[in-house]
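First, the structure itself, so that you have it in front of you.
Naming follows writing order (A, B, C and D), and every chain is counted from residue 1.
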Amino acid sequence: MEAFSDGVIAVAITLLALNLAVDGPHHGSLAHQLGQRWPVFVAYLVSFFTVGIIWVNHHALVEDIARVDRTMLFINLGLLCFIVAIPFGTALMATYLTVPGFDASLAMAIYCAILEGMSLGFGVLFWWTLGDGRRHNPIPPGNRWRVWVRFTMGGAGYVLALAVGFLSAPLALAVVGLIAVYYIFERTPSAYPTRQ
Amino acid sequence: MEAFSDGVIAVAITLLALNLAVDGPHHGSLAHQLGQRWPVFVAYLVSFFTVGIIWVNHHALVEDIARVDRTMLFINLGLLCFIVAIPFGTALMATYLTVPGFDASLAMAIYCAILEGMSLGFGVLFWWTLGDGRRHNPIPPGNRWRVWVRFTMGGAGYVLALAVGFLSAPLALAVVGLIAVYYIFERTPSAYPTRQ
Amino acid sequence: MEAFSDGVIAVAITLLALNLAVDGPHHGSLAHQLGQRWPVFVAYLVSFFTVGIIWVNHHALVEDIARVDRTMLFINLGLLCFIVAIPFGTALMATYLTVPGFDASLAMAIYCAILEGMSLGFGVLFWWTLGDGRRHNPIPPGNRWRVWVRFTMGGAGYVLALAVGFLSAPLALAVVGLIAVYYIFERTPSAYPTRQ
Amino acid sequence: MEAFSDGVIAVAITLLALNLAVDGPHHGSLAHQLGQRWPVFVAYLVSFFTVGIIWVNHHALVEDIARVDRTMLFINLGLLCFIVAIPFGTALMATYLTVPGFDASLAMAIYCAILEGMSLGFGVLFWWTLGDGRRHNPIPPGNRWRVWVRFTMGGAGYVLALAVGFLSAPLALAVVGLIAVYYIFERTPSAYPTRQ
């Protein structure tokens, strides 16, 4: 399960860079093209670190799983279904970010919805692993809800970003970037066993 | 064998998302473009879960193999040859799904034929592993035929979908989706050792 | 070394399918497009099995290596440099296969040259592993030359195919396909240890 | 950490070949097209071996790590962020290499900046692993600075190449190629433990 997920995430993160390509010599000066395409570069960075942090947390989560069952494989598949769609969502959002009108908000909403789906998939996977006998480092039943909420709080952030996107798409992108920063410091419980 | 197959399936499943891309700002409103492109999104979901379930079953099958020989490697290569073609078949089918006339049926027939080839490849691989001494959990000779039929029954489904596609391509896509649902619940024998 | 090579070969083999895409509804009937594009489908099959057999043999070869050194990593990198170029060579050859004139021969020559480079890289890697202390199943010095020639004979086949391509490009493709068939039956020494 | 990094590097190195594609039969003779596109082929070779050598050194570095912590995962992610951008930088640089004027220098500067970022990321990762208790083969504190400078000296080379690019972009590409040759012979300390 881990090797396959690692492979999918590795391919998805690398495909993010396909969107960076510029149009070539006959479409204005390179500096002008790059300046016009700043959303593509910012979107690459935000999505790269969002997916990268997913991988770090997925890794920490999966490592602690004591027993893989078929249900878990399918929850993981649902999670991967959203991760694989992130390069599409990133390209869509970056293409429309600076287009005036409703389309920028719609593209940002789709991007945020994909990230939200990924976050929910992650939350379901995490919840499933909290069950008795499923983790090497079990979490006491009384703490599970608290630990889970703290871990999946980023999901609320993507809903917020989606809403902000209807006011300003670039501002929503900043919110998504901040969620990535939040997840750098926040972690799965297996990453801080001493606090259990 | 497993690492390579995992890699190929991981790349193939991620390439499915390349087809989601829209044309960009100068081709009508984004909502309109997305509405027109619904077959692409449905096709992505159906193919993603079809390939994902292949992986789950491939994994369960390969894990139980006690001895890998050269024949098995080549059967597996034949299976991968069809899996690698799934992103092509998916894109083709989605592009033509709502085009009036024969082409929608032809594109759907090609998609179903690729899935059928994958299913047959899987069936051959499974049959090969049923031989004496090839599995950790051997299946008694008297049960093999029954187990094999049950496992490869999905292949009949793809023939049905192919035929349905000549009446209605979207209906055929629904059949393919139902086969994926069938395989979520049906499984390789190694997945339920207690019933052996 | 094996995991990385497996990853590269898995991506390369999956990228072969990108070339299968057709132009879409407004470029003639689908049947007509598919008929015109037969070289693309034949080229996919030939290259898929050529790369697949490379993987099988690479796997058998690497599995038997007792000690990986830096020289071997760089020989392997040279080999991968040609393998990664195979999807390009395949697309080029398929695009020009039925174009009248010199370009079909030139495109076929480039395809064969890439396969020849891959074959030579493989030969060098194999020769390196024959050295004392490098294999789990060492081959007696007196047999090495004979074993090596037999294993790398396919390389002569690609030179032949390149030459044939100047008479007829489709005929050269048939030769490349026959070499793949040859390698299905021929194998690295580690694959038949009982004969040593 | 190694499997994921291997996967990302394997995909990135394989995507380099996507840029080799020619325009097809109706854009002049194939020989002419290939002649015009020589920068693409040279750039492929230089970037392939640059990324390949990164992998060899990354592998040697990671293999010697005794303890992976979260900080290291994020440093590695920063490094991968530049590696993933190399196919973009390569395509950009190759497209503009022979375009007269400032754009060739700008494209080369972006390519060199990506390689410089990769080199710095590698340097930070290497520095982090030098800390007490982090390596299987620890390096005495007195030698660390010397070892680190020698290992990351290539980074200075990319700054040089960037500067040279403002005089002549093709000359800068030659410098980048020479840095790859330098790294073939120079190595991480874990690769020559006997000298410690």
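Definition applied: a residue touches a chain if its C-beta (ideal position, glycine included) is under 8 Å from a C-beta of that chain, and two chains touch if they have at least 3 such contacts.
As the structure is a computational prediction, the values presented were derived from the model and not from experiment.
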Chain A and chain B are the same sequence; what rotation (0 to 180°, nearest 5) superposes their CA atoms?
90
Same or different, please, for the chain B to chain C contact, judged on whether over half of the interface numbers appear on both copies.
different
Taking the mean of the C-alpha atoms as each chain's centre, how many Å separate chain C from chain D?
27
Distance between chain A and chain C based on Cα centroids, please, to the nearest Å.
38
Can you list every residue of chain A that touches 2 or more other chains, as numbers and ranges?
3, 7, 10-11, 15
Give the list of chain A residues in touch with chain D in this complex.
2-3, 6-7, 9-11, 13-18, 20-22, 24-25, 29-31, 34, 44-45, 48-49, 52-53, 55-56, 59, 184, 187, 191
As the complex stands, chain D meets chain A at residues 1, 3-4, 7-8, 10-12, 15, 70, 73-74, 77, 80-81, 84-85, 87-88, 91-92, 95-96, 99, 102-103, 106-107, 110
